[in-house]
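Heads up, there are several structures right after this.
You will see chain A twice below: alongside chain B first, and alongside chain C after that.
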Partner chain A sequence: MSAESITTGTAGAPTAARPPRVRRPEYGQLAGVVGLYVACIGAALALSALLVEVTGGSSVDVFSALLNGSIRGDGRIGATLGVAVPLLLVALGTILSNRAGLVNIGQEGQLYIGAACAAYAGTKLGMHGPHVVVLVLLAGIVGGALWAGIAGLLKYRRNVPEVLSTLLLVTIASQLVGYGLKNQWLLLAPAEGRSNRQQVSRQLSADTRLPRVTWFGNQFPISVFLAIALALLVGAVMVRTVWGMRLRMLGHNRRTAQRAGVAASRYGGAALLVSGGFAGLAGGAMLAGGDFGNYTLVPGFASQIGWTGLLVALVSRQRAALAIAMAFVFACLRTGSSFVASTGVERRITDVVQGLLVLALLVPPALLFLRQRRRAQNAAGDRT
Partner chain B sequence: MSGTVRLEGVSKHYGRVRACDAVDLTLEPGRIHGVLGENGAGKSTLMKILIGLVVPDAGTISIGGERVALRDPLDAARHGIGMVHQHFSLVEPLRVWENVALGEAGALRPAAVRARIAELSERYGLDVDPDAVVGDLPVGMRQRVEIIKCLRRDPSILIFDEPTSVLTPAESSLLFDTLRHVVVSEGRAVALVSHKLDEILQATDEVTIMRQGRVVDHVTTADVDAATLAASMVGRAVSLRGDRIAGAVPEAAATDVETAAEVLRLDDVTVRSRDGRILLDELSLSVRAGEIVGVAGVEGNGQRPLADVLSSLLPLSEGRVFVGGEQVATGKAGAMARAGVGVIPEDRHDSGVVLEMTIAENLWLVNPSAIARAGVLDEGRMRAGAERLIDEFEISCAGPDAPMYSLSGGNQQRVVLARELSNEPQVLIAAQPTRGLDVGAIEYMSDRLRKAAADGVGVLLISSELEEILDLADRILVISDGRIIGEMDRHEADLGRIGLLMGGQAA
Partner chain C sequence: MIDVLSAIGDVLTSEAAYLNALTFAVFLAFGATGEWVAERSGTLSISVEAMLLGGAFAAALGTARFGSVAAGLACAIAAGVVVASVQANMSHRLAANQFVVGLTLNILVLGVASFLASELKPSIRKAGTQRIPLLADIPLVGQALFDRTWLFYLIYPLVPACWWLVFRTRWGLELRAAGENPQSADVSGIDVNKRRRQGIYVAGATCGMGGAYLVLGAVGQFEDSIVGGRGFIALIAVIFGGWTLRGTLFGCLLFGSVLSFRLSLPALGYQLNGDLLASLPFVVTILAMSLFASRVRPPVALAQPFIRGLK
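Right after this comes the complex of A and B.
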């Protein structure tokens, strides 16, 4: 390069041969991460044990009930898998919108609307046959996507922060589905078909349900495979495709993205739609899978899966593949805690135990995130 | 009132950079003292030393013959020094009196604060309503609120840092009236920091001119004219480097440039900010293939909006932009990049790179479709292309998969340069391309820009460093207040005239 000749001629400060300043990912770092998790979970278990013992219960009983309810008991893994499916689907949508720099926290509502649309498609259109189950799931996707789309419109047309709009839409969704469940022309089942006086939808007929498989005595819906496949797909899309790369660009640096051709409204809007679609699919899969509400849309059908799915995304640190494992862990906490009640330990105490375990999973990613950001900031500060 | 403020031999170094180098400055009661200089001349550092924000490495400060130590702004305030900053520190949703009371210790007495504001407003003719909400006030009025915040403590020494940069001419002249009033009738000392020649001439009694951290001249305003001041301000440093460059680099054959196709044209481009200020004012310019056009000017005169428009970050209020003869939509994501406008942005972290992504991804940021099949990235081609560019542009890194934030500033800049040039642009916008780089990296960047021009790219070099412009540009435009107010060929570049133009004076 002629640059060197100019340089040596004038300033005597050669440009080349500056030592590379790169931090390689080290195995020591990985061990540190594992250690952090072990320490946090250990602390949570110790605190939980202490709390249960102090209040007069048996910590051994509690933990053993947790295990029995989630994985150890007969067929419980199947039940846990059934819960893990919607958790994973919600988390995938969350991860995708997070990567685009959006904070969609209204999955609970998107899921509920998705489930309602799925119920309508499955019970009111009068169709039968296995293909209807596909239609049911698609209706769920469309419902969830449209519900998130409202937040998208508000954001890109009116500058309403999506954090607020998605959250507030949860309340509206629950009112809206409640209205649907009160009116026969929408979702309410005819009085003669109802087992009780509750306002519920008609049950999905047997040929419009997701098939269930049985492995080693554990029965679960085939949506398990769908969810895992989608997790791998989301992971690949984010890293390997132009669209995913552009979403990440948008999430990390909006102005650079704008200059490079990533319109925030288009890509961000799409990310919100897809994210809502995942939540809606979760709702449809819950309805057609049978683990929630016995193939019937009931009041409170969403059962906090939307909120818990957010936590799954959070602890997975935006990694779709990791979300598979984390969704299972959170599903274990849920199915396991249903057995804890039988130990006689007071409900409030077991709730605290569960909360402690969730916290133990949330703390390490938060610490890791802070460290990463500090490092990036330090690097950014180096230039002057 | 206390007496004369005297700074003697004040120095402040940041690493190898001498922000202030043995500066002497004397502020007399009852006089307005102008401090004139280009960006980076050390004016701001000097003022920060005076109000205790920066502690000098060497030198003494005395007030009224008594030596003082100004360790923090409270120290400075105790000694009666107050400053009106260039950038306001006002809380917009709060009322004027609330803003004035902010930062006061002790009990809050709204009535007393209001009364004081009314009194000051009356005495200096500032016409400020203590109960107005700051967010509703125009910029000029906000500055008066800042002035009241300062005057409220009855300072004996007032510092104004680039006070007119946000004001209209009418507001400026009102401000200077107030300044006169404060000084003459009350025996306060005023330091007016500015790069605008006419306001220095209009408002000050004496001027200290700074360049590269040193005081190069101190004159009585009545004895000088704009041309003298301009020459002192841009001064010798420029011609020195100009000589060296003239000796080292053969003159490029500029003959075919005049007939070459026009690759970039801006027609009467006007941009207004959200609050209605005019950022670019019917600005027109054109760049031909193979030509380096330099946009000189003091920072903050529209350089940023100009680069933003050409980065698709800012839509026009009026006017048109043509690239290669085709009109291009402004403010539309990626439109400029697709039309063939490469940009080396002023702040690469703001709009040049994504620190959290890998080097390879950053190299393909603008045009990932080129290495994709049906929307799926071809990892092999991505890496191979990245490795080629890393070699070609001598980017020191651990490999294409290393995260962008692991690179030094100079290498990040090379990534931007490599990407923008590899997209074979028709036009390359280089905004302050060598800021913060070391000498070697600066030469590398200059060389690359020359080479790009030699390859037929039209280069628009936006820089507040005159040396850089004189070193590289074939044609020089001077920007002031969002307009191009002067144009000259490199051969006929006249420092005096550029200085005048940069100071906002038509010449």
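Right after this comes the complex of A and C.
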């Protein structure tokens, strides 16, 4: 706040006389912000390149292989889109619960349980026909939501912080699904048609899969459209609806929200359920979409998609629209990694690139926030 | 029922069971002791996993390069502190969300370690054991406690040292103040974020030791999955122990024995369901937390960033 406005305010001068001050965009400042981001991302990429060079690989080859595997190669954009779908779905749920001030970090487990429920609905209930796809996805949602609901119950009934319970539930989920995949009455496929060591579920039959479309030689499941529509929906719900506003209120200040009639248990619990539902939907879409595990639930099916989706949500700074782009970038790293092996460099380098990128994307907003704080303090005369 | 009882009896009277249990428990205790210090200062640092893995990899690399276990240990501690410094400076200098930083570090360090391991392929052997005479002859637990590599014995001075640091030094008082009431601590002249960073450095150093013990003393070779989520169990042991050092160590012993059942029970001739048993520590912790969460008192400012003038 400027000193000017305070003096006019105290003098009681008519404010209508002055035109409202329009805040002009400060281009110098904007350039600074962009420069900061570019520098940080450049540093992350340079560090990864250095790591490749030090170990005797060629960083140019690696980056071009990454591009070939994700965008440039024939039909690779389709594969990347297929990976981006679950990432985006997980990120959307995370954004929602983050906005409500909750730290749900158990998406990996919620996704896995969702995928397992979807597999059960798709293979064990003995139904056929296109409507089963919907049922499969719904089963995923229910599974994920229930798994997150355990954390919600523990938080609001027993006071257990959701950070810890969701984290613990990730491991329990993977053991539980592993158990299911060892027992035929749960998920394991009948003995004929698979080798004895393979512990996988039955494959979804052809009419219970998500249809795939082909655009310009890129084949991808129609869940791409679903995910984008949901992203826009989540963005709109957060900004345009009372429910969304109450969630944000809860996230900003729990006590104020409580005074305004927003029950933390009701709205926070709902946010947890919805975010788990999104992760479960991601699991169902992975299973029915065909880009993971060939329509079959295999051990380790979740394959870090939950964790990566969580990172997508965090780097998109809780904006659903930005999450669409970020999900695509992270999907590129994943699909590109399969081409990296041909350069003679271990494909795990993409994990390094991804981690460094996330760290790099964390720095600029933090720096900007601190600078803004310092300015505010200086303006308030805190330093005198 | 009789089966279960006789199984428990067999485990309790088997030297090998104690050996396995303490191997896991001590590894967890290295991580958990440091994590306890960090949590008392107000950081819920989920990058323990990354620190342990970084330590384990650096220990393998250092030992392979310099040919001595001590050099490996030094490398491990250095690597743990490096990982810790990223966590510390990102979350308590830049005020980035500590969970985000921790999660990212876990992925990043796993990537770096597995990438470098497949490129450099450090080859090591298990460190030899040093038997402590007399003490090692105690029946049942003697061998498990006193017939180990010297890396194992580091836990004996480490735990009291951490206790002394936190409860008997001015530094420790300031550290706890930063975790309990950062605003008051700040007003009384304590650099809150600095104390918190130092708490994380301590965690990095002890996790480095834990990683070195794991790879050199317990496993004998490096793999990506060597820590495999057990860093989270160390973190959980602190919470299970209600943020007391005593409880934390008890949690490590409990979870260590549960983890080791997977190895011990089949060796004694019992068949069991590995998946459900492996999830037991987590289920136990959730149950324990849901029973005691309202009763134990975590550090008040746990996981809350401190920025002067905000709050």
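Assume the second predicted complex is superposed on the first by the 313 of 384 C-alpha atoms of A that agree within 3 Å, B and C clash if a C-alpha of one lies under 4 Å from a C-alpha of the other, contacts with A are read in each partner's own complex, and residues count from 1 in each chain.
In this text, a residue touches a chain if its C-beta (ideal position, glycine included) is under 8 Å from a C-beta of that chain, and two chains touch if they have at least 3 such contacts.
Nothing here was measured: the structure is a model prediction, and the numbers come from that model.
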item: Which of chain B and chain C A:Ala263 touches, first, second, both or neither; value: first
item: Partner chain(s) touched by A:Thr214 [first = chain B, second = chain C, both, neither]; value: neither
item: Touched partner set for A:Gln198, first chain B, second chain C, both or neither; value: neither
item: Which of chain B and chain C A:Gln184 touches, first, second, both or neither; value: neither
item: Chain B versus chain C as contact partner of A:Arg240, first or second or both or neither; value: first
item: Which of chain B and chain C A:Ile172 touches, first, second, both or neither; value: second
item: Partner chain(s) touched by A:Gln29 [first = chain B, second = chain C, both, neither]; value: neither
item: Which superposed partner A:Asn294 touches (first chain B, second chain C, both, neither); value: neither
item: Set of chain A residues, in rising order, touched by both chain B and chain C; value: 376, 382
item: Interface residues, chain A side, partner chain C - complex; value: 51, 55-56, 103, 105, 154, 158-161, 163-165, 167-169, 171-172, 175-176, 178-179, 182, 304, 307, 310-311, 314, 346, 348-352, 354-356, 358-359, 362-363, 366-367, 369-370, 373, 376-377, 382
item: Parts of chain B lying in touch with chain A, wherever the complex brings them together; value: 244, 248-249, 311-313, 332-338, 343, 345, 349-357, 361, 365-366, 368-369, 372, 375-377, 379, 394, 396-398, 402, 405-412, 436, 438-441, 443-444, 447-448
item: Footprint of chain A on chain C - complex, ascending; value: 44, 46, 86, 90, 94-97, 99-101, 103-105, 107-112, 114-116, 118-120, 229, 232, 236, 239, 273, 275-276, 278-279, 282-283, 285-286, 289-291, 293-294, 303, 307-310
item: Chain A to chain B touching residues, read off their complex; value: 1-3, 6-7, 9-11, 13-16, 18-24, 240-243, 245-246, 248-249, 252-253, 255-264, 266, 375-376, 379-380, 382-384
